[in-house]
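For reference, chains read A, B, C and D in written order, and residue numbers begin at 1 within each chain.
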Amino acid sequence: MAKIKTLADLKKMREDLQSKVDLREKADSPESYVQIKVGMATSGIASGAKEVMDFLIEALEKRNIEAVVSQTGDMGYCFAEPTIEVQKPGEEPIVFGYVDIKKADEIIEKYIKRGELVDGIIPQNYQVIDDKDNKKA
Amino acid sequence: MSHIKVKIKEKDLNTIKQICKSFNNEPKELINVLHKTQEHFGYLPAEIQEVVAQELNVPVAKVYGVVTFYSFFTMLPKGKHPVSICTGTACYVRGADNVLQEFKRQLGIEVGETTEDGEFSLSCLRCVGACGLAPVVLVGDKTYGRVAPDGVKAIIDEYKK
Amino acid sequence: MHLLVCGGTGCRASASDSIVESLKQELENKGLSDEVQVIMTGCFGFCEKGPIVKVLPDNTFYVEVKHEDAVEIVDEHVIKGRQVKRLLYQDPEKKQSISDSKHMDFYKKQIRIALRNCGFIDPENVDEYIGRDGYMALGKCINEMTPQDVIKEIKDSGLRGRGGGGFPTGLKWEIASKNNADQKYVVCNADEGDPGAFMDRSILEGDPHAVLEAMAICGYATNASKGLIYIRAEYPLAIKRLKIAIDQAREYGLLGKNIFGSDFEFDVELRYGAGAFVCGEETALIHSMEGLRGEPTIKPPYPAEKGYLGKPTNVNNVETFANIPVIINKGANWFNKIGTEKSKGTKVFALAGKINNVGLIEVPMGTTLREVIFEIGGGIKDGKKFKAVQTGGPSGGCLTEKHLDTPIDFDNLIAAGSMMGSGGMIVMDEDDCMVSVAKFYLDFTVEESCGKCSPCRIGNKRLYELLDQITQGKATMDDLQRLRNMCEVIKDTSLCGLGQTSPNPILSTLDNFWDEYVAHIKDHKCPAGQCKDLMKYVVIEENCVGCTACVRVCPVGAISGEKKQPHYIDPSNCIKCGACIERCKFDAIIVK
Amino acid sequence: MEKVKLTIDNKQIEVEKGTTIYKAAKQLGIDIPVLCYMNLEDLGIENKPGGCRICVVEVEGRKNLAPSCSTEVWDGMVVNTHSMRVINARRTVMEFILSDHPKDCLTCAKSGNCELQDMAVKLGIREVPGQEYAEMSEYKIDFSPSLIRDLDKCIMCRRCEMMCNEFQTVGALSAFNRGFEAAVGPAFEMDIEYSPCTYCGQCVAVCPTGALTEKDHTRDVINALADPTKTVVVQTAPAVRAALGEEFGLEAGTRVTGEMVAALRRLGFDYVFDTDFAADLTIMEEGTELLDRLTKHLNGDKEVKLPILTSCCPAWVSFFEHNFPEMMDVPSSARSPQQMFGSIAKTYFADKIEVKREDLVVVSIMPCLAKKYEAQRDEFKVDGNPDVDFSISTRELAHLIKEANLDLKTLPKEEFDTPLGESTGAGVIFGATGGVIEAATRTAYELHTGKKLEDIDFKQLRGLEGIRKATVDFEGTPINIGIAHGLGNARKLLEDIKAGKSEFHAIEIMSCPGGCIGGGGQPLHHSDSGILKARMKAIYEEDADKPIRKSHDNPYIIKLYEEFLGKPMSEKAHHLLHTCYFDKSRKVEIS
């Protein structure tokens, strides 16, 4: 192990290491990042959700978008698999259906980057327990 | 009266000397030395304290004073299966005393004693920090949580030959 | 994907390490070892429901996990992305399962400063700490601040010692910095001895580097080059992690000579306590580190003038230190906005007793007891009625219903007749006899008194004996007067903090539960039904069918009676073991 | 020195900064009661653990009461030493202490001389509430040849522990256990006999209660006196006459030599002799040994050991036997005066009066408790019969005198019997630190130089400083002399010798503060070092009053050598007046 000789050394090292705990850091305060949940129940996986998820992670990183991509269980929209839920900071989550890689790319470019809505939004008719309280500072 | 003889096995003597040396034979390291020594021998009988006193050049009365001050140190060998009952507050309010009484009754010994066959010894300790599992009992390194008096026998039976 | 498994002592006691093993094994079986990391972290704080496994990134919070659950977690959650519902936390009020810990009442009201990394990073990996701004504060101090600047920052933050006394930390550092000597010491007091408190241990187990970094900062501020951590030998895991942390910090050059290329040098050694509560008192602690009996000495001289080996020594406790790097990084002004006017920041409490959510919590100063007990703590266990909460351990007092809306801070707790102490918080319900609770604490003090001064050595023993008389129904009302007088004299005359506070559990219960004392004395009754000597086992003749089951089970032959005739329990022989009640199928024996 | 002003009980006072409340109050004539606190001012011995909490006072602005013994004053401090709060606290604390103390005052060895008893009287304690169910600490009583330990009576003042460890560096005693169980004793609560205890008796000298007392031999003495078949001879050590009067209400420093002799005679002793005679004999032997070694050294003999150390103090002898067994050839081989006396009494004198050894009982009156142990040492017995049968302390003698309905104050002054009662001023000063070496110097000088000493008072050797050094000019040969009292000070000199750094030719060592005048068998000083100084003054006055002041001028000593011993260091002298030492260190053996 190399010695840390200056504060600059430490800072550089921190940059490198941050990604390691990044995942957790963002999970801990996800409000400030784009959150994407990919429905990954058995049916979702069967319909290609895994590929979509891999793509999303890779694409977001390449395009320098700070986001948390996570898997979640059955979203209850089996008819529209694969489904993903996207929540931008301070906004209500939006669920997209029939997401393939192309669609995912579009969601990133239009909705996430520019705020334009794209086709395939599934109107919400459920309450996520998780989102009842997002006020924690 | 001639000089006082302290008898000890050569191997043990060397072990203690080694431990003291690893702390530079400094008197201020007495407690560290006692920790290491007890870790090795399991307890701190008089002859071991005599040797430690000599090695660190501290009066043996002072060593004894320190050993008897700290509850972690013991001059009696523990049983093969040392039973420790947590009597921290969390365990207390969740009934540790009844559990302790039951252990005393089942083993027929008081706190600080060892059963005649040398199998079990009984002690109390303050909070192992497993308050969520209160009342907590330790047998050796194994932790038993949410122990009720009627579960005591089963725990003891686990260790009976 | 990360699987975080709680490696705190509580969870480890429930074999959380075997969960780690099983998870790793299962992931390997499924060929997922590279993609999914299993990490053992420090305490999550929610010990009531341990062992805890947290799945990231989706933040799923599993409780009471067993190693055999590993297969299911991997199969269902990791592979199929389905939460294992039965392992989720059940909100006791709403009867719903909650998957994300953030939304559990237990975590909602908490702000984590001292515990910021606990349950978050791998405490055995310095890189993770660095990734979380670790050692940045030390770097900032050495590169950008003078020792005076550091002290000023700490003073401005309003941080007060978390070990119990509440002495302003910055001021303490300033005094130590002003005493010149060829060698000075920084001591971290990790001899947590309160029964039912485990804050410090959790920090050391979960975030050992934070303490090392803070000690180095303190060393820089006070011009001390040696640090000593006085830690309980009963904390093997914390010791192990500290040792690893010290080695790693040395390897990176964050401890040792020329830290960050400067002239500043600092190193840390461990010293072990050996089970003496009084060693929490700083002069006693110093004597113990010197290899002596841990007896306190009169102050002055204070450790800041004459401490370890006669040299100026600054002693702070673990939680105090854990706050330091954050204060330096985020600034005094950030810190002093949290909390109340005179008590800044947060406080960690070990919540235990008759409460649903036993665990470790960190809340801003000023949070009320009600919020802590009923919101974070989830209320009283088994639907019983709240009776009292004991704060401050053996030095504190019992607070009641009427104090529930008191904002918690150093001064309010003292005004209410208790104290902050190191942060133990034990909740009692209607079944707890307050005289017995007071007796429990005195039993502790009697055992832990060092014996140096007479009021503490003998006085506490006499207090205990008198309480014992009361619980046996043998005391008089005059004795209550005498009890109070003895308490006040012991407080007034004892040498150190132990004796000066040991009567608090009695005084606060006398104040708040006077009627309960009177009931023991005048009516010979224990209202909570806890004092055995005041209980009587009697047979209800109408219910007794004379089956003789109780006669056979009574270990002392106190029960007599003909077959098919109502039996009789001889109160002079009865040892109140309760065996008869357990055996009786007809509810014919009751306790009066 | 910076001064601070403060108010105590409405009285203003200005004292030096750093003064404690207790001392400041004392200057105002306010006597705040203390129990654990002890201060022997001129000796630098102070015990202030702040443990008993009897001396608490109220200080305005302070949350709790302050222990006056260890709280320093500050400017503008306002102190109240007898407010309701203070009085109530002091009484309650006293009740605590008494609740864990046996109430057998009537039969306690310390009765009438007990600081705890006095305190109970002062505070007017009439009952100890709750005593019916109060548990009391219980320990076994430890009987040793010199002292008795009854820890039930220990109040944890820690004075004995301080004396044993800090002043004496003997380390036989330490606090052990914790809390209510705590007490002070040897390792493993063993009998003190098996500890490194030297029986110096300083623990007994400072114990405020009956926890530490001497082994009482007064019954044995009375039995011997009552036995018509026995001839009972008594010897009295020099320090006794300078302190015995205190037990009879006389001012400290009052010499009662003549009255003491009269009392002893009335008690029924057949011969009243003086240990001082044996002290002169010691000088002849020890002084000759010194000169012998010195001459050899000056002649270039590399084998000879220097410095030579005195060996009259039995606690000191035990100390080096326990702690410096490798240096047992350094001290003089001369027996102590007590033992020389016993040896001569049971040979030379017994022959003279034609009494068989076993019918002669030798009793010694000593300021010392170690002498009790010394008298029992095997090497000082002939066929099991000890040279000195019983050694009793100054305090025990006072009891005997009182029991015999005698009032020392009104007795006539009488003279010692001859031949073993004749002594010189040199023998007298054995009782004070520096005295032995001064006596030795007087003789050695004249023997070495062959000249008569003009100024006999070597004032540079006197005083109370722990370690003193002086150089005496032996007509061109400078002799470096070292003096230490207190075994802690002795240890320093010994460490120097061990390290080859010692500059001395001769060293005198006494175990007790001030020498024998501060011995463990003396009337209790109750932490008043003025008493020690007064006794010391009395010793030197007695010396000055003596017609003969050099040991070798003592006519009976000269006669003893002529008639019996031959010359100093003769074979007979070696046999009767010298001894050897034993390794008593703790040894680890492989089993």
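Just so it is clear, a contact is a pair of C-beta atoms (placed from the backbone, for glycine too) under 8 Å apart; a residue touches a chain by one contact, two chains touch by 3 or more.
Everything numeric here is computed off the predicted structure, so don't read it as measured data.
K.L.:
When you average C-alpha coordinates per chain, which one falls nearest the overall C-alpha average? Tell me, please.
P.N.:
Located nearest the centre of all protein C-alpha atoms is chain B.
K.L.:
So using the touch definition from the top, which pair is joined by more C-beta contacts, B-D or C-D?
P.N.:
C-D
K.L.:
For subunit C and subunit D, let me know how many angstrom lie between their CA-based centres, rounded off.
P.N.:
Each chain reduced to its C-alpha mean, subunit C and subunit D end up 53 Å apart.
K.L.:
Using mean C-alpha positions as chain centres, tell me how far subunit B is from subunit D in Å, no decimals.
P.N.:
So the centre of subunit B lies 43 Å away from the centre of subunit D.
K.L.:
As a quick test, compute the distance in whole Å between the mean CA positions of subunit A and subunit D.
P.N.:
Going by mean C-alpha positions, subunit A sits 88 Å from subunit D.
K.L.:
Mind pulling the subunit C residues that touch 2 or more other chains?
P.N.:
276, 293, 447, 450, in rising order.
K.L.:
At which residue positions does subunit A touch at least two other chains?
P.N.:
Counting only residues that touch two or more other chains, subunit A contributes none.
K.L.:
Among the residues of subunit D, pick out those that touch two or more other chains and give their numbers.
P.N.:
In subunit D, 175, 177-178 touch at least two other chains.
K.L.:
Go through the chains and record each pair that touches.
P.N.:
Pairwise, the chains that meet the contact rule are A-C, B-C, B-D, C-D.
K.L.:
Give every residue of subunit C touching subunit D within the complex, in rising order.
P.N.:
276, 293, 295, 297-298, 300, 446-455, 457-462, 465-466, 468-469, 479, 482, 485-486, 489, 491-495, 500
K.L.:
Which residues of subunit B touch subunit C in their complex?
P.N.:
26-32, 34-35, 58, 62, 65-66, 69-73, 87-94, 125-134, 136, 143, 145
K.L.:
Report the residues of subunit D in contact with subunit C in the complex, numbered from low to high.
P.N.:
Per the stated touch rule, the residues are 49-54, 56, 64-65, 67, 70-72, 85, 88-89, 92-93, 96-97, 99-100, 129-130, 133-135, 155-156, 175, 177-182.
K.L.:
Once bound in the complex, which stretches of subunit D touch subunit B?
P.N.:
Subunit D reaches subunit B through residues 165, 170-178, 185-188, 193-196, 325, 582-591.
K.L.:
Spell out the residues on subunit A that touch subunit C in their complex, using ranges where they run on.
P.N.:
Touch list, subunit A to subunit C: 1-7, 10-11, 13-14, 17-28, 30, 37-42, 44-45, 68-74, 129-130, 132-133, 136.
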